[in-house]
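We call the chains A, B, C and D, going by the order they appear; numbering starts again at 1 in every chain.
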Amino acid sequence: MAGVGTPDPNSSWLSDEELAEVRRRLPLLYVEAVPVRVDGMGVVTSVGLLLRANPQGAITRTVVSGRVMFGETIRDSLFRHLEKDLGPIAFPQLPASPIPFQVAEYFPIPGLSPYLDERQHAVSLAYVVPVTGTCEPRQDALELTWMTPAEASSNAVHAEMEGGRGTLLRAALASVGVLG
Amino acid sequence: MAGVGTPDPNSSWLSDEELAEVRRRLPLLYVEAVPVRVDGMGVVTSVGLLLRANPQGAITRTVVSGRVMFGETIRDSLFRHLEKDLGPIAFPQLPASPIPFQVAEYFPIPGLSPYLDERQHAVSLAYVVPVTGTCEPRQDALELTWMTPAEASSNAVHAEMEGGRGTLLRAALASVGVLG
Amino acid sequence: MAGVGTPDPNSSWLSDEELAEVRRRLPLLYVEAVPVRVDGMGVVTSVGLLLRANPQGAITRTVVSGRVMFGETIRDSLFRHLEKDLGPIAFPQLPASPIPFQVAEYFPIPGLSPYLDERQHAVSLAYVVPVTGTCEPRQDALELTWMTPAEASSNAVHAEMEGGRGTLLRAALASVGVLG
Amino acid sequence: MAGVGTPDPNSSWLSDEELAEVRRRLPLLYVEAVPVRVDGMGVVTSVGLLLRANPQGAITRTVVSGRVMFGETIRDSLFRHLEKDLGPIAFPQLPASPIPFQVAEYFPIPGLSPYLDERQHAVSLAYVVPVTGTCEPRQDALELTWMTPAEASSNAVHAEMEGGRGTLLRAALASVGVLG
């Protein structure tokens, strides 16, 4: 999920060369998270999308995303990537259930699935994660925008997301009953 | 789900007057089904929508829908309503899991949920159901149209569905990974 | 879910006689909740079960349970019954997703499903609900016991639950990945 | 899912040495399937478990399991491993939904999750898959046993499964509403 995804500063388990090699041989496991705010009854009231420049310089929207490391649980990986993208005081509430709302299969060539990642074959377990604190994206060129579920359901937002993440976002909204 | 839903010829457990009375006092339990065709790998290739005239004479699209009777299991009710709307040789494959892809709460006044039914408070358990046979809608004014997932995801189809069923359809498509 | 379930003090929409009549004619809609405590990563660490005497005087364990009223959303109903059974400062975190982990169909005669309620045909949407506050059961003869997921998975606890709720509890534990 | 899992004869994308190296550096993606038979209403009536000798010579039970290859969709991988373990005329009905009933995280050391695989860190997407044909396990030392959901729920069967697969099986049964 290279250009359009989230750089991973902690990929110390493999050198860049090794990772590049593995990327041509194995599907890599990712987690993705759609941060949301909920009201006192658990209803999703707003949805957070990350804004960033892709390698071509275009501004795109995306969700929290990153690779699962060797020996790391999915929960630990989700937490680490949420902290990386939303800062240390976002206070995400990881779901009690480990079952993702969607499994997104990213392939380097189009047509095999709705999801595309020119760099690799990645399989991503995607979760909706309520956050209760303050989000302060820590990385360069990252900004977080909150919008209503209706805005997040719009064709305009769909068009600003790459690699099929507009489809992933709609599935996220549907899973919590707020897709427009 | 009165005008916009499916008439229920079998509501013999309650007289019409009794049912009208109960409708002002209790939430009624419904099942809904989105019939689909799948390929050999289980991928949804087309989606069936019912065409009918609503009480105002407008043509609308809807899904299979009907009330759960006293003493009837959800599976029996799903099967009965699928047969009522799709005919006896549709051969629906009821899901092994009893967990619906969505719970649609229809209220007689708007704003409480995405779903509206002016007649009653109905809570509907909604399922995606592959059918392998031939669909021959048996009731008056009913026709079944098959469309691709992309067509079913369109704003045009969304606008032709009443009571929030456009939203329900999108949630159905998302749950099987084919929402556009 | 009479004797073994939760009395419902708010059933003002129907008189007792009317409700008794309706119970022989229509399936009634219920919600059930398994209260849990989670750690900072969302993992369920303990499970709350209610202790009460059934009409025969035997001590049984059960979960939070109650009827959905006319005009009431499922979330409102869940919240109301959680407050009724756990007190006003339990601070339940209702799930963002409205999809239950299980649909339990209670019938007055055995054999139609794993669930039995001699009083009625009830269909229950069941949720796992993390609570973050203090639970103080408000009703007579109610006590809340916290136990580990392993204890809650045991045959001993299963045998202390009536009407199939031991099965429902195991499905709850499985849905959050902690069934033993 | 070494000894207790399913050997993968098609791992041509990586040499054995390369795969051994990668296994110490990356989580590997697996799929698992619990084959079931369903009745005309979709209710699971029997569950298929594979019998095999583990490297220590003990007889154990397991489910269909195998690695997802580079460029392979989850559906293709599921189908390939079902065919490998159940033969070419099992006619599995892959689910319309790509969402697994459970995500099983296998770690080489115990305690991080209910799942253990001494060879590797593997993350497995697990599905319940109805089969309609005849199962003829093709590989050496493999036999398929059909049992009722009640038998499959028993402690005896649980004890015959390794690496946490007894827990996975119970979650499978719960997801289709037939856990005892």
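Note that contacts are C-beta pairs under 8 Å (C-beta built on N, C-alpha and C of every residue); 3 or more make two chains touch, one makes a residue touch a chain.
All of these numbers come straight from a predicted model, not from anything done at the bench.
For the pairs B-D and C-D, the larger set of C-beta contacts lies at B-D. Interface chain B/chain C: over half of the residue numbers present appear on both copies, so the contact uses mostly the same residues.
Distance between chain B and chain C, defined via averaged C-alpha coordinates, is recorded as 28 Å.
Look at where the CA atoms of chain B average out and do the same for chain D: the two points lie 34 Å apart.
Each chain gets a centre from the mean of its Cα atoms; for chain C and chain D, those two points are 33 Å apart.
In chain C, the residues that reach two or more other chains under the touch definition are 98-99, 101-102, 175, 177.
Listed in rising order, the residues of chain B touching chain C in the complex are 13-14, 18, 22, 24-29, 68-74, 98-103, 105, 107, 112-113, 121, 123, 125. Against chain D, in their complex, chain C makes its touches with residues 102, 114, 155, 167, 170-171, 174-175, 177, 179-180.
Contact residues of chain A toward chain C in the complex are 36, 38, 41-44, 75-76, 79, 93-99, 101, 128, 130, 175-177.
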